[in-house]
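One chain, chain A, links the two complexes that follow: it is found with chain B in the first and with chain C in the second.
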Partner chain A sequence: MGRIALHDIRKRFGATEIIHGVDLAVEDGELVVFVGPSGCGKSTLLRLIAGLDRPSSGTIEIDGRDVTRLSAAERGLAMVFQSYALYPHMTVRQNLSFGLENTKMARDEVARRIDAAARMLEIAPLLDRRPTQLSGGQRQRVAIGRAIVREPAAFLLDEPLSNLDAELRVTMRAELAQLHARLTTTMIHVTHDQVEAMTLADRIVVLRQGRIEQVATPLDLFNRPANLFVAGFVGAPNMNLLSATARDGRAALPGGLDIPVPRDGPCTIGIRPQHLHPAEPGAPALEGQVTLVEALGTETVLHARTPDGTALTTVVQGQSPLRPGQTLRLTPDPHEIHRFDADGLRMDDPGAAR
Partner chain B sequence: MAARLPGLGAVVAAPLVLLARAVDPPLRWWQRVAGQGGMAAVFLLPNLAIFGVFVLVPLALNLVYSTTAGTGILLGGRSFVGAAQYARLLECGDYLDALTCREDMFWTATANTFVFVVFQVTTMVAVATITALILNREIRGRGFFRAVFFFPVLLSPVVVGLIWRWILQRQGLLNLIMVSLGLDPEVWLNDRTYAFAATIGVSVWAHMGFYTLILLAGLQAIPKDLYEAAEMDGTPPARVFRRITLPLLGPNLAVVLVLALIRGVQIFDEVYVLTGGGPGTSTLYLTQYIYEVGFASVLRNPGLAAAASILMGLVLVVLTLCQLRLSRRGAARDAK
Partner chain C sequence: MSRALAFLTRRRGHGGRWHWTDVVTWVWLLGGTVLMFGPALWLVASSFKGPAQLAEFPPTLLPYAQIAVPVAGHDAPLPLYEVTGPDGTTRQLAEIRRIGTNAQMVDPAEPGTRLDVDIAARRPVREVGLALDNYVRPLVANDFLRFLWNSVFVTVTATLITLLTNSMAAFALSKYRFRGRDAVMLLIVATLMVPLSVILVPLYSVVNATGLVDTLWGVILPTVATPTGVFLLRQYMLTIPDELLEAARMDHASEWQIYWRIVLPLAAPALAVLAIFSVVWRWNDFLWPLIVLSRRETYTLQVGLNTYAGELNVQWHYILAMTVVTMIPVVLVFVFLQRFITTGIAGAGIK
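Presenting the complex of A and B:
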């Protein structure tokens, strides 16, 4: 079991509050990813859950038990550190057994668990090596193995993939997902990489400056971002954000486009690059000059600038004949438009039957 | 608005820049003449000259003195005697009893030094380790305490000796305090055991800051994550120390041990000022013996002193080789 609940968690260092009242429930067996730019408090929040730091106020519950005042060890969680934190002077086997020996566990039970973890992670041939004799990916596996043998209520992973090269990161990401499917233990994974978050998570927690911006499944986050920050943070390339002012329920965009909006006043219209399509000749369209063409083979990212200086990005499938300096006319998919009010909060589409 | 003044750095740098510009052309000319390899020699020369005059030449002279006899300092008045000075030092009925030796004071000093080094180095390593562990914790005023513990290292050994003599002497500070507390005063420096303990205590006090610094650097090089990983596993503090801190501090501890040994064998200034080797010969250590035989006794014997210092030098060479091996092994480990 591993249901983790946070109630109004705050953390101050001296006079500076860096976590401003976080409420969150992570269900048993769920894989939740904390994502956000650096300094958003995601690692701090993980350390508070781990018990390595204490919150200034608020409570933490694991399976309904208040653990706020309990030590890290008493919480029954296991952590995988960004640096792996393997003991350099011990063999892999000793690294795996070190934590278990604290609990006076029977010898054959320790051996059984190490055996099982080594088989699951395919590190059995490495058991008698030292961490310095392992590659980055192997160290990563050992670090995960050290967490697995504890059979914890939940795994806490602090940017576990950030020290790996790009190729290995993709492989390990898939392995982590498989591992979670096999273990069905609660996992909280911290990353600044939104692709990692999207591919791994059951639910994503987007954090900014010590506050939760949105908690949602990856696709919900992509389809219905709750505010401008989430809209800009999730999805690549970044969403196009166009300022406008709505009058009589419609916001006028350059080029004669106008978008229905539920409330009048200043607003921001968001359109993902994937949802901008070439406009029919003569139809109203966003018009711009191509400034940069990124040809990725299967798709092409086009960057353009409108006459009033607004930057536009669009993605077209396949390869594009367009070159910088040429004119691009784009029209948004009317069902894929995001509307945000003056405070940056999502306004619901008046026409959509959701 | 006031005009911006040039920063202190610029003020200090300006004359240096001028100097560098002034010496640049002649040095370039010199390099053309001497070639790049020759230029390296040119830059090394000043340091080599100093090293030669103050280390190499005295070392060679010492070898010469140790093979000659006479009371004179001028080499012309001395006669070659081969290894006779060494033989005289080593002539002993029973090496475990200094009184059966021809140069009984040499053997007394050697035995004293041996016991001193064993106790002093053990105490030093223990105290420096404990101090480093405490200073490595998040305690209030950590910077202040780090400075305080290092401060005695900066003192001249003679000043250290004088301070502690002023504290420990018959009418000293310690006895004054004891009397005011209603206790009987002690003759600290005139009691064999107390005086011996005082030489250990004072030398540890004076030098531990240096070793604490080495150990503190070692402690700070241990990643914090390792301790957090151990904390997640609920590792008891004693086990963390034994299984994580000690093994990872090992190379630093080895360096500290050997350095303390080398410097322990050479102990002189503080003790000479503090006890003068007394009471009797109970705190007479080797370097003081060498000094007194060579320079301070009525019948001074530079040849005998030189031979004794060469013998002591051999012990130090062995210890230094140990230290070099240890630090090389440490460097090789870090490079991995």
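Presenting the complex of A and C:
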């Protein structure tokens, strides 16, 4: 079991508050990813859950038990650190057994768990080596192994893939997903990489400056971002954000486009690059001059600038004949338009029921 | 071998010619070698010389010993001399006894005839030989084995306690955040500036009041807490990543286990350096043991050496020989522990 609940967690370092009242419930067996730009407090939040730091106020519950005042060891969680934090003077086997021996576990049970973890992670041939003699990916496995042998209520992973090269990161990401499917233990994974978050998570928690911006499944996050920050943060390339002012339920965009908006006043229209398509000749369209062409083979990313200076990005399938300097005319998919009010909050389009 | 030779004869000048930097390098290195090793080698050579040879001028480099030959009718072998006769011929005679400026001598070949020889007309026959008595007498008869044991006890015990207490202080000062930590650290480092001679009298009062005067513990205990050691270990422990300690905390390790099983093994290079320092300090300590120890049974080597330097008479041959004995452990410590200084194993598991 590993149900983790946070109630109004606040953390101050001196006079500065880093975490401003976080409420969150993580269900048993769920893989939750904390994502956000650096300095958003995601690692701090993880350390508070782990018990390495104490919250200034608020309570943390694991399986309904208040653990706020308990030490890290007593919470029954296991953590994988960003730097792996393997004990350099111990062999891999000793690294795995250290935590178990400290709990006075029987010798054969320790051996059984190490064997099981070593088989699962394919590190059996490495058991008698020291961390210095391992590659980055192998160290990563050992660090995960050290967490697995503890059979914790939940795994806490603090940017576990950030020290790996790009290729290995993709492999390890897939392995982490498989591991979670096999163990079905609660996992909280911290990352700043939105691709990692989208591919791994059951639910994503988007954090900014110590506050939760949105908690949702990856696709909900992509389809219905709750505010401008989430809209800009999730999805690659970034969403096009166009400022407009709505009058009589419609917001006018440059080029004669007219978007229905539920409320009048200043607003922001968000359109993902994937949802901008070449416009029919003569139809109203966003017009811009191509400034950069990024040809990726299967798709092409086009950067353009409208006459009033707004930057536009679009993705077209296949390879584009367009060159910088040429004119691009784009029209948005009417069902894939996001509307945000003056405070940056999502406004739902009453006409588009989803 | 040929590669070693090629390395040694390599020059900066082209075509094997001498560049001026080659000359300077050789002069510098040879001069340095003589300066560093010369005194030590001369000390070792001189420690094997007898008292008469030490008093000689000009001094000789190598130790010589006079040859003694067995002569029929005499129990002990007699010292051999080369005697120049009045006619200019030389012959080798053994001395039986000396009377004033004359010596009664005998030819080992004809033990029956005794000759009277002016001591100015003879010269001792010598060969390179070692006066081992310089070593044997102090060690066997003059309690030097006892002094040696005392020194070893003081050094080993003091070093072990130093390593333990200093590493614990350093651990707390480097890995825990508490009010006044920096003030404590500053205070400890500030005591570096107080020389022993300033606190000699109060320190003696404390040792006296605790009844430790004239015991080896009186030498050991006041020296074990060294600011240098705390500072050195703390600076090293700061480089041990906090994440390792946090990982251990997640692994159910108590703070004591973290210290003993994580921090101490990782601080091994710094501990080795401090161990070397501590051994050298305690072994070479003279002033403090001289003050605390007054019974001969409790003397350390350094204090024991001092007993050979009397007001009227300095027994150089014993001092030199025992100085060599006192040098050996320090040299051994450097030989065996120096590799620890250069190896750092902390941080290896990180990245």
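Assume the second predicted complex is superposed on the first by the 353 of 354 C-alpha atoms of A that agree within 3 Å, B and C clash if a C-alpha of one lies under 4 Å from a C-alpha of the other, contacts with A are read in each partner's own complex, and residues count from 1 in each chain.
Just so we're on the same page, contacts are C-beta pairs under 8 Å (C-beta built on N, C-alpha and C of every residue); 3 or more make two chains touch, one makes a residue touch a chain.
This structure is a prediction, so every number in the text was calculated from the model and none was measured.
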Combined model on chain A where chain B meets chain C, clash or fit: clash
First, second, both or neither for A:Leu164, with chain B first and chain C second: neither
Which of chain B and chain C A:Leu52 touches, first, second, both or neither: both
Touched partner set for A:Arg139, first chain B, second chain C, both or neither: second
Which of chain B and chain C A:Val230 touches, first, second, both or neither: neither
Which superposed partner A:Pro131 touches (first chain B, second chain C, both, neither): second
Which superposed partner A:Phe98 touches (first chain B, second chain C, both, neither): both
Touched partner set for A:Pro88, first chain B, second chain C, both or neither: both
Among 1-9, 55-63 or 109-117 on chain C, the segment whose C-alpha atoms clash with chain B after superposition: 55-63
Set intersection of chain A contacts, chain C complex versus chain B complex: 50, 52, 71-73, 77-79, 81, 83-85, 87-89, 98-99, 102-103, 132, 146, 150
For the chain C and chain A complex, residues of the former touching the latter: 241, 243-244, 246-254, 257, 261-262, 265-266, 268, 345-351
Parts of chain B lying in touch with chain A, wherever the complex brings them together: 223, 225-226, 228-236, 239, 243-244, 247-248, 336
Chain C-facing residues of chain A, complex: 50, 52, 71-73, 77-79, 81-89, 98-99, 102-103, 130-132, 139, 146, 150, 163
Chain A to chain B touching residues, read off their complex: 50-52, 71-74, 77-79, 81, 83-85, 87-89, 98-100, 102-103, 132, 146, 150
